[in-house]
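Chain nomenclature is as follows: A, B, C and D, assigned in order of appearance, with residue numbering initiated at 1 for each chain independently.
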Amino acid sequence: MKKAKLALKTEALQQTTIQVGSATVGGADLFIVGGPCAVENREQMDAVATRLVAAPVQALRGGVYKPRTSPYDFQGLGLEGLEILAAVRDRSGLPVITEVMAISQIEEIATYADGLQVGSRNMQNFDLLKALGQTTKPVLLKRGLAATLEEFVMAAEYILSHGNPNVILCERGIRSFDPYTRNVLDLGAVVALKQITHLPVLVDPSHAAGKSELVAGLSRAAIAAGADGLLVECHPEPEKSVSDARQALSLDEMVALVESLRPIAAAVQRTMPVAAEIVPQLSLA
Amino acid sequence: MKKAKLALKTEALQQTTIQVGSATVGGADLFIVGGPCAVENREQMDAVATRLVAAPVQALRGGVYKPRTSPYDFQGLGLEGLEILAAVRDRSGLPVITEVMAISQIEEIATYADGLQVGSRNMQNFDLLKALGQTTKPVLLKRGLAATLEEFVMAAEYILSHGNPNVILCERGIRSFDPYTRNVLDLGAVVALKQITHLPVLVDPSHAAGKSELVAGLSRAAIAAGADGLLVECHPEPEKSVSDARQALSLDEMVALVESLRPIAAAVQRTMPVAAEIVPQLSLA
Amino acid sequence: MKKAKLALKTEALQQTTIQVGSATVGGADLFIVGGPCAVENREQMDAVATRLVAAPVQALRGGVYKPRTSPYDFQGLGLEGLEILAAVRDRSGLPVITEVMAISQIEEIATYADGLQVGSRNMQNFDLLKALGQTTKPVLLKRGLAATLEEFVMAAEYILSHGNPNVILCERGIRSFDPYTRNVLDLGAVVALKQITHLPVLVDPSHAAGKSELVAGLSRAAIAAGADGLLVECHPEPEKSVSDARQALSLDEMVALVESLRPIAAAVQRTMPVAAEIVPQLSLA
Amino acid sequence: MKKAKLALKTEALQQTTIQVGSATVGGADLFIVGGPCAVENREQMDAVATRLVAAPVQALRGGVYKPRTSPYDFQGLGLEGLEILAAVRDRSGLPVITEVMAISQIEEIATYADGLQVGSRNMQNFDLLKALGQTTKPVLLKRGLAATLEEFVMAAEYILSHGNPNVILCERGIRSFDPYTRNVLDLGAVVALKQITHLPVLVDPSHAAGKSELVAGLSRAAIAAGADGLLVECHPEPEKSVSDARQALSLDEMVALVESLRPIAAAVQRTMPVAAEIVPQLSLA
């Protein structure tokens, strides 16, 4: 990590907090983000928001530009999806995060979303990182499937060194040999990153596990390891999800997961908002 | 896992508990094992036992036959080490676990130790597994560095099918690409194994991390993931350890780690003995 | 591979040949590409071209936009480097290939270069692939460090399905656990790709090996495995290379390597041009 | 490799040749070994020997003690299989190699076989290695699925340092992420090992590929990379093989493979016996 200048902890800067809409990442409160792999329609996102705002989660996620292995697979709703996200955000009060895949999408997405996600496949798309460095929106940078911690931190450094201090790291599993899980969640990386860098570190247990029944256990482990929050896939009807159906939690499971995190959070001196605190902010129709 | 007959959960058998000396593995109580990579001398093990019995830990570990990459490296104290282990066990009341590398060592080690460890390199040493199946001593089976979960469970099945029901699984990190950590601790495997098998599942964070500063965070994550206990390397003077010095905790760090696990254990409905309960058993000189 | 429509072999289309400048890739002749990791200056590239045109190689490579792990490392000469490449191409008659990292660079680079390389880090930069699908320039697509063959073929499918049939695949090593080599060259992938797809398949032994002394052996193996050609790093003074110095061949070594490939090529029914055939094309000052 | 004392090349010892029955490994002649995964019955092995002696291959392989993932799978014919191997050796003149899984098997197997194979799972079964160091039989040591080159060389060092100089290394693929191939054949390791050590280096393309259609291409690549020979699975009726059916060549394919290696061997200054030279040795009924 010797070449990183801005991402590393200093005596003065031990922990950065980043504002994503109305929520804060990197403070005492955990930052739990829930939502589907892809924004499919308004009803889906309304159902998600209505349940999750009461969990409560701190933000919603949903892809509108989808990086798919095949060019013939569903590529996301695009602008229509952004409008859905913004509408749901306005009604629920929950900030929304969505993936940006290209420089040309930054301005549009930044207009609608509160946080811009860079997916694993683009972790070293350096021109995209540089362009995101010229915005002020929070960037949620996912670790590449075979990225070393040094490469991950240096990818953040690309954004930081181009002017945007609002970088949130996200461990989401690395590629390995066992087909039982989709990827291997590397919580040693989370422990290490929390020692190396002042940036907030989230964990996406859903993509790592690839199986919904493993998500709750990994979520609890991630918080115990010191993660600042989670990115969890959930869907009103997981079996009907247009993508990654096998790993999405139902909304009931998501709400139960959030609840089960409370004693873990307390055990590592973290706090979690209770629903009562934020329900007044809602104006759901 | 379709071929496993004995290791898998059934409706009737959800969780096996295994007796290791005076301690129980797989019950509500966590099973925390501490000790050095290698038994070096009596003073070292006495120092370890004296501190850890009050932590408290539930068992001691220490290698006397060491699987070393180089034939020219220290290969362990052998019989002398076993005598030290037994003496320390007798004085502290703590059961002792040590590695068995060959069929010819089983009888001797079983005379002295309360648990027999099979190391990663021997996870598919099938003749050793079969021979251990003919003993009744608890076997702590470590996952191979590149073993799939199916291979791991089937290795346990070798022991079980040859007659020994006392098998404890141990995840200790898999080999991967990032030199920052020695191995990647696969806690998704722990969550999965707790769903698949009725056997107790421990975690060795020390060999996975390879760096002592990562051990506490990974230990807390392992317990939150549902592990039944831990195997942690510690040493009175880590910097003087004859092997794996970089990953061993000091005894102070070990005691602090045990204490920090209490709220995590409680958060996942597990219990941990307090020192007071076991101190009366001691008769340290 | 079930979803690929355009990249797979059909009874009618067993092998595509692609024109890169004056050279053909995918025919009986091997396509050997040599050159430095980065274009540094005119003298360097002239020295490379002068030696390699007589080897002969069929094309030159050299990065002008460099994907570097650190934002503080040399990022390439940019336009100046393109001008050098074009000048050297004009003098030597050898087509030039260079990496494109962003959609905004495509037009400029396509003006100067004969082939556009997509690096490993951008193999799933889908918007870049789509944009390259709208050009007609040959695209040399490198396999990602942890890309499955299915993902690799589907990445090519992105380019093909957007209109550009000129895709050349390049295996360059995958990430693994042994620090002895930088990456692991996956020649099983080359054998498989030659069976699956009609696209030409090259091999980059330099990035895989990471050590110049391993390059010749891996080059011969690649040709024997059925590769349509090679991409080899070489430099007039490897020890002074601004990047990847450890893996670059000297020009003498490069010439010797080409010569050593002749009997291997013949053994697998491939041909290699001799210098005499192409020297007349030259007009080196 | 700094700790290896006996396995490394010295100025005086550049290449060891090892006698396996009537054949020599490590000399100018390639050493091609063919045969089934498991010895099933006399007819099978007779069919194999009759065809392969005319190919010609230099030795036969066939497992009689089989390391199987499941304790419920076929574990090999044991002594009966050894008797079949010896009978086939006596009739064909071809030396036979078979796997040893336990110290207790060494004496018996050494009575019947010309070479003792240590499988990947036992590469670091150090007590087995030490015991094999006290024999004089050639030991064919396969690389572990996740073994570094240093660990591989040091495993050989265990055998060498205990007194047996006859160690043959065998690269057989390492574990990786792509399910398309069973393992990834690491020919960079072969190139490196030929530079590091004076021991002969074979390649097993069958276990690496896991698919018979990839074996010929990888075999040619292995020889071009500098391997001293091959270990190839073949079977009179591959689809009826009791294990690893998907990767075994038919005998016709095996004979064709051997023939296709001749020009590659010549290209790297290696020789291959022609059938005529060895047929007189035969006394097949």
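Observations
Note that a contact is a pair of C-beta atoms (placed from the backbone, for glycine too) under 8 Å apart; a residue touches a chain by one contact, two chains touch by 3 or more.
Quick caveat: nothing in here was measured; it's all calculated off a predicted structure.
For the pair chain C and chain D, the fraction of shared interface numbers is greater than half, so the two copies use mostly the same residues to meet.
Comparing mean CA positions across the assembly, the chain most remote from chain D is A. The distance from the centre of chain A to the centre of chain C, with each centre set as the mean of the Cα atoms, comes to 36 Å. We define each chain's centre as the mean of its Cα atoms; on that basis chain A and chain D are separated by 49 Å.
Residue positions 146, 150, 174-177, 179 of chain D each touch two or more of the other chains. Within the complex formed with chain D, the chain B residues making contact are 3-5, 67-73, 101-105, 121-128, 130, 144-146, 150-151, 154, 157-158, 161-162, 174-175. Within the complex formed with chain B, the chain A residues making contact are 146, 148-150, 173-174, 176-181, 184-192, 194-195, 208-209, 213-214, 217-218, 220-226, 263-264, 266-268. Chain D makes touch with chain A in their complex at residues 175-177, 179.
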